[in-house]
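What follows is a set of structures to go through.
In the two complexes below, subunit A is the common chain; its partner is subunit B in one and subunit C in the other.
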Partner chain A sequence: MRMGVLMTAPAIALLFLFTLGPALYAFYLSFFSWSLLNRMHYAGLSNFGYLLTSHLFWTAVANTASFALVVVPTQTMVALVIAVLLNQNLPARGFFRLAFFFPAVSSSAVISIIFMWIYNKFGILNGLLATLGLHGPNWLANPLFALKAIMIMNIWTTSGYFMVVFLSGLQAIPQSIYDAAEIDGASAWQRFIRVTVPLLKPTTFFVVVMGIIGTLQMFDQSFILSGGTGGPLHSTTTVVLLIYQYIFSYGKVGYGAAATVILFAVTMGVTLVVNRWLGKAIEY
Partner chain B sequence: MAQGRTSRRARSRISRAAYLVILAFGALAMFIPFAWSLSTSLKPLSEALAYPPQWIPRVFDWANYVKIWKLVPLARWFGNSAIAAFGVTVANLVLDSMAGYALARLDFRGKRLLFLGVLAMLMVPFQSVMLPVYIILKDLGLLDNYYGLILPLAVQAVGVFLMRQAFLNLPEELEDAAAMDGAGRFRMFWQLSLPLVIPSLLTLGLISFMLSWNNFLLPLLVANQPNLWTVPLGVVMFQQEYFVNWPYLMAAAVMTTIPVAVVFLAFQKWFVKGIATTGIR
Partner chain C sequence: MNGKMRRSVQGLGSLSVAAALLAACGSGASTAAASKSQPVTVTLSGWTSSPVEAQLLTKDLQGFSKVYPNIHVNYQPISGSGSNYESVLRTRFVAGDAPDVIYVNNGGESSTFMANNDLIPLNSYIASSHFSIGDFYKSSLSLFEKGGKIYGIPKDQSPLALFYNTQMFQQAGIAHPPTTWAQLAADAKLLTDPAKHVYGLINSVQEPRWAQFLYQAGGGVMNSSMTKFTLTSPASVRGYTYFVNLYRSGYATVPTTVGASWGGQAFGMGKAAMVLSGNWLIPFLNQTYPGIHYNTAVLPSGPVSNVSLTFPVAYGITRDSKHPGAAWKLIAYLTSRSGMTRWMKLGLALPTRKSLVSLPYYQQHPVTKGLLAQLPNSIAWTFPPGFVQFSSTTMVDQTTLAIEGKESPAQALANMQQGGQSILNSAG
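Right, the complex of A and B next:
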């Protein structure tokens, strides 16, 4: 029917222009040497060759990987614990849900600015640490701490979002299973490990996959907290921030496109691996 | 036996109290950054920089909130954000629901392929295609104008998916009756089915609005001139210029957060529903 094509055409056209098309275009561009201003030159695989021997690229990969490896498990566990607690019959649940969820709907730019002030050498965080007798570092100026500061901020922001995802997953588990487990004498901890965790597997899969995709694309926070430099000493340079710098600072479109292709392949690959590992059919 | 029951009840009361304490500390951790930005925004610079930091300002000084409007074109940035968010929201409501309806209700060649394509695009985050998108925007002459802030976000795969689900849930008999009366397909969609999925439209509208309002990367790519900056971009650029004046920055942060907070409080239920329906498939 012609109507079906007509009604989908605008959406498909825009999705193609700004999502699938760009992905294919990046693949094409990765074989060329181009600065946006000069003429394109076919460069074969040399862009990939450059990246694989570039110290800076591997630094960005290491930063991105450690960011994902710390943030994804932590935010998943924090989100799960809060969701399980909120799923109990406690007073003020609505208030707590609101409080945990709000950072997730705030602008990442504004949150980053607020945390820059919190992480200030003479800021409130170090003030709080001082009352505990601890000497806080100059978080964002110290290469050992800058990425960790962004990790903490990110966990703070996104845990609430995934908490809501877990809550809706929890509400799909029938109460009768818990009642039966309780009659069989299962403790609260056993009910959590033996009932909640296995039955939440599809939700956990979704949370982990979305967490991985999100952390591998981290850009805003690094860009803002480092003033666009990825510093200090490239300690907050992520892959996407490097792609941005390849276009706007170095004028190397080919390197950026090759990095885009690698990021794509890694994101897809990790998603498939997690799919095999967590995505097996659940058994009741 | 009776003793066992009381001790179990006592234990459950203790664990409930422990849960509440954990949640209260968590909520406090969520609250502190916002409270701190509000507190700083009400201090003169000298007091804001005092160490150790003071939680309560000595005098509540609203001057920062007034001065910042003169210092930077904040009204202009709010206007830009509103135009972009409005455009993105309307475009998604119309285009996503049309496509979602066709994929749910109509038969046409290539439908399965298109649906699989939409599903695949769910997995492509905007950041990862930033470089080619920038070049495409540049080639189409969409840099430094509002279309550039709207078109890349005008359709979301997740929105098409959400609307398809909504239309699949409507009973088919409804439209069969309308078809007997000779209503055309588009009229059926527009007059009959669309009003029945208003809850999903509300969810989609919220997702789209927030996506645009909070977006940082797209304005960063598109808007080179300050008069086209949106609030998040403007605040960040302002920070890089006035990085020592934290009270101004925190006043800007508070004012940017307020519209989001109002929308969020008013429509909290729909946000949660949006996550539940798009999150879990």
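Right, the complex of A and C next:
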């Protein structure tokens, strides 16, 4: 027993120092008014009161929610479809697996900067649209399109990673079940819907939960593509970008910490709901 | 960091090292006595308007190490825009580990840093080293002064002037840059060709690109003591409406319309016939767009004046500095008459010392003429503490809505007035 504690002590110490400690400190800070530079003083629940009546905070919540609602289902389905396709005996399978996985191993900052050029008004995307006779918008400068542009980029980036997760899930499904289904006369579509999808449920659970957590915490792509402003007209301001701005740009640590606590509660709640829905394993 | 500095030293031509040495000898004679003590390291941080600035400052610092061999300067530029720089500085202040010497911006957080005593007063150093503080423009110095204490020595500044593409003006048959609002609008109209994505004037909608129009009409953003917003006065509305109408009528636009990230870039790309910009645009154009033909002129006159905004930047010493004496020597070296002369000759900005506006350098570089002529007629631009969010979001958002025609200019100003005044009142 003592040995076990001793062996895990370094990991636990690091966890407290760099993860749990700062997280608890954020809870503490959410009850204070502090600019990082002055003395902090106790503010009770006023930070929460300010946020819940702040138009900007609700804009950020709406942006984040719509981002998650679009990105999570899309990237899950795209990843599943690609994984099923690449699980077949296709020519150049290795190349395609690499090509789809590549964005997941690249830095999201680098990808964001590349996409800044792709989305430029005279960039490659609008060039492609023009060959189809379409007049592309000024993606990142138009409040109607800026967040959608980031959604597209995010789906492209993360689908590859989740594809690999689905691939490993697919490999774990015993071939015998497919054989049995085939003997019973199930078509390819029926085998996909009745065998593959249900047996992938633990993998799907993981993908959906990670997707939700990732999208609710989206920060870097908005930060880079909007030049740190969350613009145009706050259309790309996510909750985490707003937290960053409150704490580091505007010197309102209490508001930022309170938003962190709210985000934590929401993420936790959503994850619990998903757990009830997808969390139980299926046995045949 | 050390390795990085050494590499850049090797990269310098022997000629410039010799020049730095000569310059160092000139200014060193009077102050070299104090450098006999223990070697110390002084950290210097600033943002960089472009990579050129870091190169030029590194070069200038070579001379300092010759005069003060016992003071090692560790130059740590912080990349990113001005607000990113100040976010980084905040975290350094919290950690009690701020650089010894920092760039102090005119707006942004400088007033907050002064209000919180994050910078130390320099009065005693100025007095004991007989630093010629009287030579500085009152307008620039006063931004870094509070209650008789001086928290920063203005290192340089640049007013906004009108940069115009001489080739485009010639082709359109316009002989002179515009001198009145009416001419500016007429020229911009003539120079605009949306089919070629060329516009008369391209500037972003941040407040330092439109506030001067308010002052030119006799209005302003705030009163001179910064206790009240004056955005809704009839004169302010008049100036702002003129600015908004340039955009609404299609002769002016924002940089993203032509795929640029800032006005200066659009100008370099040949997409803007005119841009309001400061001295920093000159080295950028020389390096990135050497083919562009341009000149500078003073701003066109509104109903009352052609006043512009100027943006002085200072050097300050942080409260975390363990060697404020050595830090002061660095500031004095960089901002002394000879130090500022060296810096001006690198061509990035205009002087904050009155005695330097007649440098022979400016006769040799006539493109700075418009900027120099604008300098005496400009307002040093700043905000009181606590206005970073207001200026970076509220003012930008309202102006965006106004130029897109989703809100009347008067309504946009009324919204800004209300937002700004409520921040002032709550800071009480």
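In the analysis below, the second predicted complex is superposed on the first by the 276 of 284 C-alpha atoms of A that agree within 3 Å, B and C clash if a C-alpha of one lies under 4 Å from a C-alpha of the other, contacts with A are read in each partner's own complex, and residues count from 1 in each chain.
By our rule, a contact is a pair of C-beta atoms (placed from the backbone, for glycine too) under 8 Å apart; a residue touches a chain by one contact, two chains touch by 3 or more.
A quick note: this is a predicted structure, and the numbers were derived from the prediction, not measured.
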item: Subunit B versus subunit C as contact partner of A:Leu36, first or second or both or neither; value: both
item: Which superposed partner A:Leu45 touches (first subunit B, second subunit C, both, neither); value: neither
item: First (subunit B), second (subunit C), both or neither touched by A:Gly123; value: both
item: Touched partner set for A:Val164, first subunit B, second subunit C, both or neither; value: first
item: Contacts of A:Ala265 with subunit B and subunit C, given as first, second, both or neither; value: neither
item: Which superposed partner A:Leu144 touches (first subunit B, second subunit C, both, neither); value: neither
item: Subunit B versus subunit C as contact partner of A:Gly227, first or second or both or neither; value: both
item: Dominant toucher of subunit A (residue count), subunit B or subunit C; value: B
item: Those residues of subunit A which subunit B touches in one complex and subunit C touches in the other; value: 36, 120, 122-123, 227-228
item: Subunit B to subunit A touching residues, read off their complex; value: 15-16, 19-20, 22-23, 26-27, 29-34, 36-37, 40, 49, 51-53, 95-96, 98-99, 101-103, 106-111, 114, 117-118, 120-121, 123-125, 127-136, 138, 151-152, 154-155, 157, 160, 185-186, 189, 210, 213-214, 216-217, 220, 231-233, 235-236, 239-240, 246, 249-250, 252-253, 256-257, 260-261, 264-265, 268, 271-272, 275-276, 279-281
item: In the complex with subunit A, residue positions of subunit C that touch it; value: 81, 83-84, 86-87, 90-91, 93-94, 109, 112-113, 116, 118, 197, 254, 256-259, 261, 386, 388-389, 392-393, 396-397, 400-401
item: Contact set on subunit A toward subunit C in their complex; value: 35-38, 120-123, 138, 140-141, 227-229, 231-234, 245, 248-251
item: Residues of subunit A defined as touching subunit B within the complex; value: 1-5, 7-8, 10-12, 14-15, 17-23, 25-26, 29, 36, 81-82, 85-86, 88, 90-91, 95-103, 105-118, 120, 122-124, 127, 130-131, 156, 160-161, 164-165, 167-169, 172, 188, 202-203, 206, 210, 213-214, 217-220, 223-224, 227-228, 240, 243-244, 246-247, 253, 256-257, 260, 263-264, 267-268, 271
